[in-house]
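Consider the two complexes below, in which chain A is the common component and chain B and chain C are the respective partners.
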Partner chain A sequence: MSTPLAVREVLVRRNLTFLAGLAVVGALTVGSSLVTDFSFSAGIASIPKALGWMAVNFIPNARALRALPNIGIKLAETVLVSIMATVLAAGAALVLAILASRTTRPHPAASAVVRLIASVCRNIPVVAWAMIFLLSFGQNVLTGLLSLFIGTVGYLARAYAEAIDETADSAVEALHASGASWLQTVAQAVFPALMPQLTSWMLYMVETNIRDATLVGILTGTGIGFLFDVYYKSMNYSSAALVVIGVVIVVIAIETASNALRKIIL
Partner chain B sequence: MKGTRRHIRLRGRSASSVALRATLAVLVGITVAGFFLLDTKHLNVARAGARLLKDLGSMMTHPAALHFSIPEALKAILVTLCLGFLTTFLGAVLALVFGLFAARNLSRPGLVAFLKGLVAFIRAVPTVLWVLIFAIGAGLGSVAAIMGMTFHSFGYLLKAYSESFEEIDGEIIEALKASGANWLQIVTRAVIPSSMGPIISWTFMRFEINFTNAVAMGAAAGAGGIGYDLFMASGFYFNTGEVGTITWLILLVAILLEIGATRLKRTQHVQR
Partner chain C sequence: MAILEIKHLSKRYKDVTALSDVSLKVHAGEFVTVIGRSGAGKSTLLRCVNRLVEANAGTIEFDGVDVRALKKRDLRHLRTHIGMIFQHFNLVPRQTVIENVLHGLLGYKSTLAGVLGLYTAEEKEKAFDILDRVGLEDQVHKRCDQLSGGQKQRVGIARALIQEPHLILCDEPIASLDPGSAKKIMDRLQRISRDMNITILMNLHQVDVAIRYSDRIVGVREGRVVYDDDAKKLKKKTVAEIYGSEAEEILFEEQAV
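Moving on, here comes the complex of A and B:
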């Protein structure tokens, strides 16, 4: 019993598409390695070295333990900045989202303008914002706070607007029909129905922002990122590794807490 | 009438609304306290803000290119895009293979727990720290940047892929097992084809993230590309116009990538 001709043709064609896709991806990979000057052998060779570094330095020595209080303070500062940036951004994003959402916008033009602002805020990377703010705010904790704030506003404004679009439709219509004003509708229908979802997004952004704050800190000379950079550049690797451990503990703790909260809230 | 002003309580104070209020109260409380706790080193915020507005104005209206030509800037963008592509691709291949062993319905519980724990750790370390850890062996440069970014992408994609594998209907797998299909056949004929939509969508989303990461690693960890030019323009030459040009270029590419990712997400119906 042989496979019918038509089926065989389909199979051959599917194999050809697969091979063509493989060839394109292969060419892109080789091309990208050439453009970026990447050598696979050097990359693979760096893995045992990195693992070895972690194995040696992740057990804190006396020097690292002396750095512990300082690491704790900087970690706390970084968490504080991440939470502040997220909370302030959530407030701003909520206003923008109400102006942007199809169901609650006062005017289509407002929606278009707000969407453009949000898009610019999130599509300019946080690092680029940090480099822009560095020119005027200098190496200051506010530089990082401001860059995280702007990036988060862009991200949350879109997420919030989508959330309002999706869930508030029927409630808004019902209130409109009963003669409620725009402000009443927003305050009584949009707000209560969406609060759990909006808070869940906020928790997610706090997590993201802690990681980003570490990065921004290296550039702006603040927080835990800067401390890592100092230890790293002075080859105090044991303390640098303790910073990594500290960041991991904080990020996983916040992730676990927000997952638990999300389960209760949503 | 007095009674009309009383609110009708529609929902009781359930555990969820208490938790919600408490969460918000804590977050807002921390934020308010933060204004008193943060050491701003007596920065004159009004003056810095005025300078910022001036900077933003001149960035938009007077983009300049003194230390690089436009072809050079485009080449730098290409380098950054290639960094993003390479790290996404390598991370995706690794995540696809190991993701199968991290899916509850396809692997043993011990192995699942081990892999999921491992990638939770990998994801918790910020990308820049991975890059700097790899740089100890490989030196600062594209090799360290690519290894570090690949590592983090692997952690992110493994979680995404294995979760979409787990969503596959258990009955399909049972039926295939009953008809004598082995593990490899189940994976290649059922699991991967039916998760293709989410896989493509998640991978492209990661590409979008990795473009941003590549900009960041150029600025913070010597990975080259447009991020390095941005770092030099702002941190070294203090040239607002150049920062403007570079920002415009990055913004343009990022918006194009976002449009692509949104389209994909919509056609594949993937939730974040």
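Moving on, here comes the complex of A and C:
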């Protein structure tokens, strides 16, 4: 008994689509490596040598340890700026989200405008924001803070708006039906229902921002990123390595702490 | 005397007609149930009464007030007199039972007091009394997400009762409950209607339950009223008319019960 034609057709088409996709991805990879003069074999061959270099130079020594207090101060500064940017952004994002959410928006037009603003904030990378603000604010902490703030507002506004639609819409309907005003509904139904998500997303953004802050710091000449840049460019590799180790430890510590917090809240 | 009078009400959603030319009178103290298949317009009809949904044409008169003409503030005042109970309870799950019940008073409070959640001692006492009445006196400080479905709906009823409503709208109040809890909730609503003389307008899917509890049944099909009479006079033939192709299923369910 032979398989009906239609069934064979479906399977054939699925496999052909997959093969075609594979071919396109392959061609793109080979094409781009040709254009950029990147050779896979040379790249892979250089790995042992690079590891060797790192083993010799990227080991913190006595000189690096003398830099430790300075690294500690800059790390703390970076963490504090990241937390500040995130908390401020979370406040702004909550207001925007209430205006944007289908459940709580005062007017559809407000929702559309806010969603557009949030989308622009979100889709321009934080590093690009830093470069834009560099021109107007120069190399200082404010520039870094602002770029983290803007990126975070864009991200959190959308996350919060979706959270409102998911968790609070039914309670909002009930409160409206009983004659509660818009502000009362937001304060008494939306806010309490959303508390866990609000905090959870904020903690996530603190983690992300500490990572991004390192990168932004290289550009804005502030914080731990700046210190890494200085040590690296003055060929003080052992101290630069200590900076990297410090960042890794802080990121892991913050992540552990925020996971613990999340467990308590949820 | 009619507490609620709906005349020639119509509602369209883009290209779907939810209600067309619906007229309906509900008398004070009456227990009226709207039946019909899902998508017949029952839910829209209920929500037009307190304007959670805005109708396109027709008039709604409640307590002698032209509901559709009300401005924002007056509408909120009107809504304080109309309680509402939902299929999915529509509570704030992370808040306690008493907090959710007190939400029913927000419409009576000043904006600031409501935003800050400042309730007077009398208001709290009233909430305790009502929780006592619905048998939740031991769950007062429990979070609502820890309650059973039946208990959640009782919180919903308490939230509506604290409004001291003249009318309670019930949108499929037992559709998410097991049969045991469903019966208890229906008995409770019947007692509320009889003892407190509160008018009830309810959407139901279960025809047998509607017949057992209501004074009057309104059958809706494709946005039109096709039956409006005593609950006891509802014939199998009419049920078939209201439910169309779904009728056999409904009647089969009834026999199974």
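Note that in this section the second predicted complex is superposed on the first by the 238 of 266 C-alpha atoms of A that agree within 3 Å, B and C clash if a C-alpha of one lies under 4 Å from a C-alpha of the other, contacts with A are read in each partner's own complex, and residues count from 1 in each chain.
To be clear about the criterion, a contact is a pair of C-beta atoms (placed from the backbone, for glycine too) under 8 Å apart; a residue touches a chain by one contact, two chains touch by 3 or more.
In this text the structure is predicted, and so the values were computed from the model without any measurement.
For chain A, the partner touching the most residues, choosing from chain B and chain C, is B. In the superposition on chain A, A:81 makes contact with chain B only, not with chain C.
By the touch criterion stated above, A:176 is placed in contact with chain C alone, chain B being left untouched.
Once the two complexes are laid over each other on the shared chain, residue contacts for A:230 go to neither chain B nor chain C. Judged by the touch definition given at the top, the superposed model places A:187 against chain C, while chain B stays out of reach.
Applying the stated contact rule after C-alpha superposition, one finds that A:140 touches chain B and leaves chain C untouched.
In the superposed model, A:92 lies in contact with neither chain B nor chain C. Once chain A of one complex is fitted onto chain A of the other, the partner contacts of A:195 extend to both chain B and chain C. In the superposed model, A:110 makes contact with neither chain B nor chain C. Within chain A, the residues touched by chain B in the first complex and by chain C in the second are 195-196. Touching chain A in their complex are the following residues of chain B: 15-16, 19-20, 23-24, 27-28, 30-31, 34-35, 37-41, 43, 45, 48-49, 51-52, 55-56, 59, 78-79, 82-83, 85-86, 89, 120-121, 123-129, 132-134, 136-138, 141-144, 146-147, 212, 215-216, 219-220, 224-225, 227, 230-231, 233-235, 238, 240, 243, 246-247, 250-251, 254-255, 258. Against chain C, in their complex, chain A makes its touches with residues 168, 170-171, 173-181, 183-185, 187-189, 192-193, 195-196.
Of all residues in chain C, only 50, 52, 76-80, 82-84, 86, 88-95, 99, 103-104, 106-109, 111, 114-117, 156, 159-160, 163, 169 touch chain A in the complex they form. Against chain B, the residues of chain A that register as touching in their complex are 25, 28-29, 31-33, 35-39, 42-43, 45-50, 52-54, 77, 80-81, 83-84, 86-88, 119-120, 123-128, 131-138, 140-142, 145, 195-196, 199, 202-203, 206, 211-212, 214-215, 218-219, 225, 228, 232, 237, 244, 247-248, 251-252, 255, 261, 264-266.
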